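The next part holds the structures, each set out as structure tokens.
The following pair of complexes shares a single chain, subunit A, combined with subunit B in the former and subunit C in the latter.
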Partner chain A sequence: MAEVSLKNIVKLYGDVRAVDGVSLDIHDKEFVTLVGPSGCGKTTTLHMIAGLIELDGGDILIGKNNVSELDPKDRDIAMVFQNYALYPHKSVRDNLMFPLRMRKIDKTTAEQRVNRASKILSIEQLLDRKPKQLSGGQQQRVALGRAIVRDPAVFLMDEPLSNLDAKLRVQMRTEIKHLQQELQATMIYVTHDQIEAMTMSDRIAVMDKGKVQQFGSPDELFNRPNNVFVAGFIGNPPMNLIPAQIVSEGGSKKLRMGQITYAPQTGRVHDLMNKAAGEKVIVGLRNTAIQMVAPGTAGSILTEVYTVEPTGDVTYVQTNIGDKMCTISSPDVAYRGRLGDPLSLRIDENRLYLFDDLSGKAIL
Partner chain B sequence: MTRKQRKALHATVVYALIILLCLFALMPLLWMASTSFKTSSEQFVSPPRWIPQNPTLEHYAKIFFPTRISSGSFQIYFFNSLFISFMTTILALIVALPASYAFSRFSFPGKDAAYFAVLGRNMFPLIVFLIPLFSLMRILGWINTYTGLIVAYMTFTLPLAIWLLKGFFDGIPTELEKAGRIDGCTRFGAFMRLIVPLTASGMTAAGVNTFIQAWNEYGFARQLTESASMRTIPVGLAYFFTENTSDWGGLMASAFLFSVPVVILFMIIQRFFIAALTQGAVKQ
Partner chain C sequence: MLKQIWKHRWDYPYLLPALGVMGLLIVYPFFYTIFLSFYDTPSSRPEIFFIGLDNYRELFNDTTFQLVVKNTIVWSIFGTLCPFIVGFLAALLVNQKLRGLNFARGLMIVPYAMGFVPASHAWRWILHGDFGVITGTLQSLGLIKDSIPFLQQASLIMPSLIMINTWKSFPFVMIMLYAGLQTIPEALYKAARIDGASSWSQFWEITIPQLSNVLMVTTMLLFIGNMNQFTLIEIMTGGGPASLSEIIVTWIYHASFQTLRFGLASAASVLLFLVLIVFSIFYVRALTRSAVQGG
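This part shows the complex of A and B:
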């Protein structure tokens, strides 16, 4: 296993900077996820690490070696693809053997490795089948197996769970994470699904427009987002982001969100507002940072129910705050408000975020 | 009429039509076979007979052992046709395989124009190319040679072969080569080890099609060959008619033998052929 360093890597497609100066230091045995919306450059970045896409700038180091100019086969990596890319004309056993044969590993060792991998992944009984005789989940295991037998320095995973149904995806998520820990592997995982990223990773790099927006642990990203993009991307449901203006009323500063003028209760938000560069800001509130309280509670704001969405263990309530549709969690799971029912909401100011409206950066 | 009766009637009509069409298509072939076994006098009796009264193999004997010095024998024509068609097929596949792969996988300047040019060739009748090709072959000294004909046949066999194989490559996910390159192959190695085996049925389809096209070709073979020893069967067939004689029996016997290999070939591989054509056309 090995650490991986991306040093300011760049990929250009014409005028488009698909990957725009990405730098990441990934530790040995670490599970790092690149996450972001489609077109953010995450898959391109992964393919650059694999050597399938050439760099237009920067360097990639695996261990101590600069691999930027090496062919994929010489980088000591293994990759699992979204569509598994199993060789359809080869049996499962030959699929697993293929990378070992290519590396001229002697037959006995190769067979041992194949047996070990198939035992780890419980695919021993499938070895003589052809890929098309396997279910999606089984194909996924074979694809993982083909990566494991190599015993590579780094595992690269390109949205490996996207083709599975929801239930199997959750199951394989657990298995891949377990596998990574069991093998003590350095794993770089690409997904557009932030839940996958949050549940599996040691650290996550959130990408947008070819740049890393933030690189940190799931907790850091969730609790201390760098900018509006990360705040809106990480977390389910996403953070409520409400455009607001800082106004002076009666000698004190207040937040105006649409029709609502909110007077902060704590020094923390006053301090944040003092640091706000301009008057326009974006208020960030997670669904749990807005609480439904009894009508007339001091400092509460008044809105109306738009819809109620019970999910079983949580009930979400949608409501407009300052012309922005927001999602909040009802403290009472059985709450079934109707359209137009009044709501009194209190903001948990310890968990209120302010972002600069122009740059989107968090105001510290 | 009940629903069942209507269905039965429908089936009867459909089958009757199909049989009629098959007869229409088969009649010339059957007539050809029948005539080839008739004596010269029986060929012209009226009313014509489908089944020869005195079947004979004289025409077959004649085409294999001709009496006239000027005409080549059928086995020479047959060998020429077979050799030229076979070599055309091999060469077309050798060229079409990497070409179609490049059209499918790589982006390079002028790609669309080049692909259009390849397919655009089919918009012109073959005869348009005959005179320039003839001049070219004369300059190269390839008139009346196998090389000349095989190269000339590339002009019409390659476009379809490239088009067919490209459809095939388009249907193979690019991740396979990527996986191969990560697993230890070079780009070329991944192509040879992982992609080419998957295009076997595509190559069969393209190969058979090329073979049949070359086998049936007449115009180029007529103009680019001179001696009897270089003639292919279609050209040889034309020599059964001279100013003074028309040898129907010999013509029919040769034509019958000429059709047999293609029919057998097609019967053997028609399953691949249909699978290949549909797989290329409909992406999965």
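This part shows the complex of A and C:
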């Protein structure tokens, strides 16, 4: 196992900077996820680590070695692909043997490793089948098996769960995380699904437009987002981001969100407003930072119900705050308001974020 | 089943015209050829005479026909192998992501797009011993003194014909295999590169097995097409000189319409049919297998 360092790596496609100076230090035995919307450069970054895509700038170190110029086979990595990329004409056993055979590992050792891997993944009974005869989940296990027989320094996973159905995805999520801990492996995982990223990773790199927007633990990303993009991307439902203006009324600063003028109660929000560079800001509020309160509660704002979405254990209420559709969690799961029902909302100011409207950066 | 047939009883009459045409053009000649192969059909008389297996006996004992069979085997095997190798290499080449390949791809299809008749006529003149452009060029460059009679000299006839068939048929192989290559998922090669496979191993471990059905179908089509190749040989050499380039189909044509031995020609046709049906079975198997496996 080994640490992986990306030093300012760049990939250009014509004028497009697909990967634009990404630097990451990934520790030994760490589970790191690259997450972001499609086209953000996460898969390109992973393929650059694998050596499948050449670098246009920067360096990649695995362990102490600079592998930037090396062939994929010389990088001591294994990769699991989105569509598994199992060799369709080979049996499961031959698929698992293939990387060992290519590396001229003697047959007895190879067979031992294949047996060990198939035991870990409980695919012993599938060894003589062809990939086509397997279900999606089983194919996924074989793909994982082909990666672990090699005992590589680093595992690379390219959206390995996105072809599975929702239920199986949750199950395999648990298994991959368990596997990573059992094997004490360094794992770099790519997904567009922030829940996968949050649940599996030691640290997450959120990417957008070829750049790392923030690199940190799931808690850090959730509770201390660097910018509007990370705030909106991490968390389900996503953070409510409401355009607002800082106005002075009666000698104190207030936040005007559409028709609503909100007078912050705490010094913390006043500090944040004072630090803002311009008048225009974006107010960030998680669904749990807006509470439904009794009508007439001091400091509350008034809105109306747009829709109510019960999910079983949580009931979400959609409402317009300052011309922006926001999602809040009802404290009462059984709440079933109708369109137009009045709502009184109180903002938890300790969990209010302000972002600069122009740069999108968090005001801290 | 019966219920279904009864339900569609008024639909069947619509098939009659097509069935009639097929019957007239395929079924009737097929059985009539088998029938004729047991008869002597003297050109001087209107009657035909039943002679049992005599036509077949004659064929097996005829030294010319033995030469024709030998020619057919050589022609079919090398006429398949050479275009196959050239076409495969061309397919691998055009499958690369290189500049200018679209143009090359288009250019390489030209021989295939050209009709067999004009191409054969053109090559007959290009290869002509006295007036041919190849001999002429080599002579004017001073490389040879005597003309090269490509289509007259025993040792050169078959190689010349096979070369022209290669030129004419390799684009077919190229198109088929190129289409096959395009269906191989890129991810397999990526996985193989990570697994440590060299380009050579990737070719043998991924490309060939993934292409196996297309390879089989292409070879069979080419092989059957070659066994039935009449135009090229008839135009370029007419099977001559001295039957040196005669293959079974041209021989059948000459036996029927030049020497008017319909019975003997029918017997040869039946034999050719039996050989072709065996290859057709392989072909259909390869096709259905590729349909089941999805290539």
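We take it that the second predicted complex is superposed on the first by the 364 of 364 C-alpha atoms of A that agree within 3 Å, B and C clash if a C-alpha of one lies under 4 Å from a C-alpha of the other, contacts with A are read in each partner's own complex, and residues count from 1 in each chain.
By our rule, contacts are C-beta pairs under 8 Å (C-beta built on N, C-alpha and C of every residue); 3 or more make two chains touch, one makes a residue touch a chain.
These numbers were taken from a predicted model, which means no experiment stands behind them.
Asks: With everything superposed onto subunit A, say whether subunit B and subunit C fit together or clash.
Replies: Aligned on subunit A, subunit C clashes with subunit B.
Asks: When the two structures are overlaid on chain A, which partner does A:H89 contact: first (subunit B), second (subunit C), both, or neither?
Replies: After superposition on chain A, A:H89 lies in contact with both partners, subunit B and subunit C.
Asks: Would you check which partner chain A:Y306 touches, where first means subunit B only, second means subunit C only, and both and neither mean what they say?
Replies: So A:Y306 meets neither subunit B nor subunit C here.
Asks: Tell me the contact category for A:A50 with respect to subunit B and subunit C: first, second, both or neither.
Replies: Both partners, subunit B and subunit C.
Asks: I'd like to know which partner A:Y316 touches here: subunit B for first, subunit C for second, both or neither.
Replies: neither
Asks: Report for A:Y335: first if it touches subunit B alone, second if subunit C alone, otherwise both or neither.
Replies: neither
Asks: If I apply the document's touch criterion, which positions on subunit A are contacted by subunit B in one structure and by subunit C in the other?
Replies: After superposing on chain A, subunit A residues 47, 50-52, 71-73, 77-79, 81-83, 85, 87-89, 98-99, 102-103, 146, 150 contact both subunit B and subunit C.
Asks: For subunit C, which residues are in contact with subunit A within the complex?
Replies: 185, 187-188, 190-198, 201, 205-206, 209-210, 212, 293
Asks: Please name which positions on subunit B make contact with subunit A in the complex.
Replies: So the residues of subunit B touching subunit A come out as 173, 175-176, 178-186, 194, 197-198.
Asks: For a test of understanding, state which residues of subunit A touch subunit C in their complex under the given definition.
Replies: Interface residues on subunit A, with respect to subunit C: 47, 50-52, 71-73, 77-79, 81-83, 85, 87-90, 98-99, 102-103, 132, 146, 150.
Asks: Over in the complex, which subunit A residues touch subunit B? Could you list them?
Replies: 47, 50-52, 71-73, 75, 77-79, 81-83, 85, 87-89, 98-99, 102-103, 146, 150
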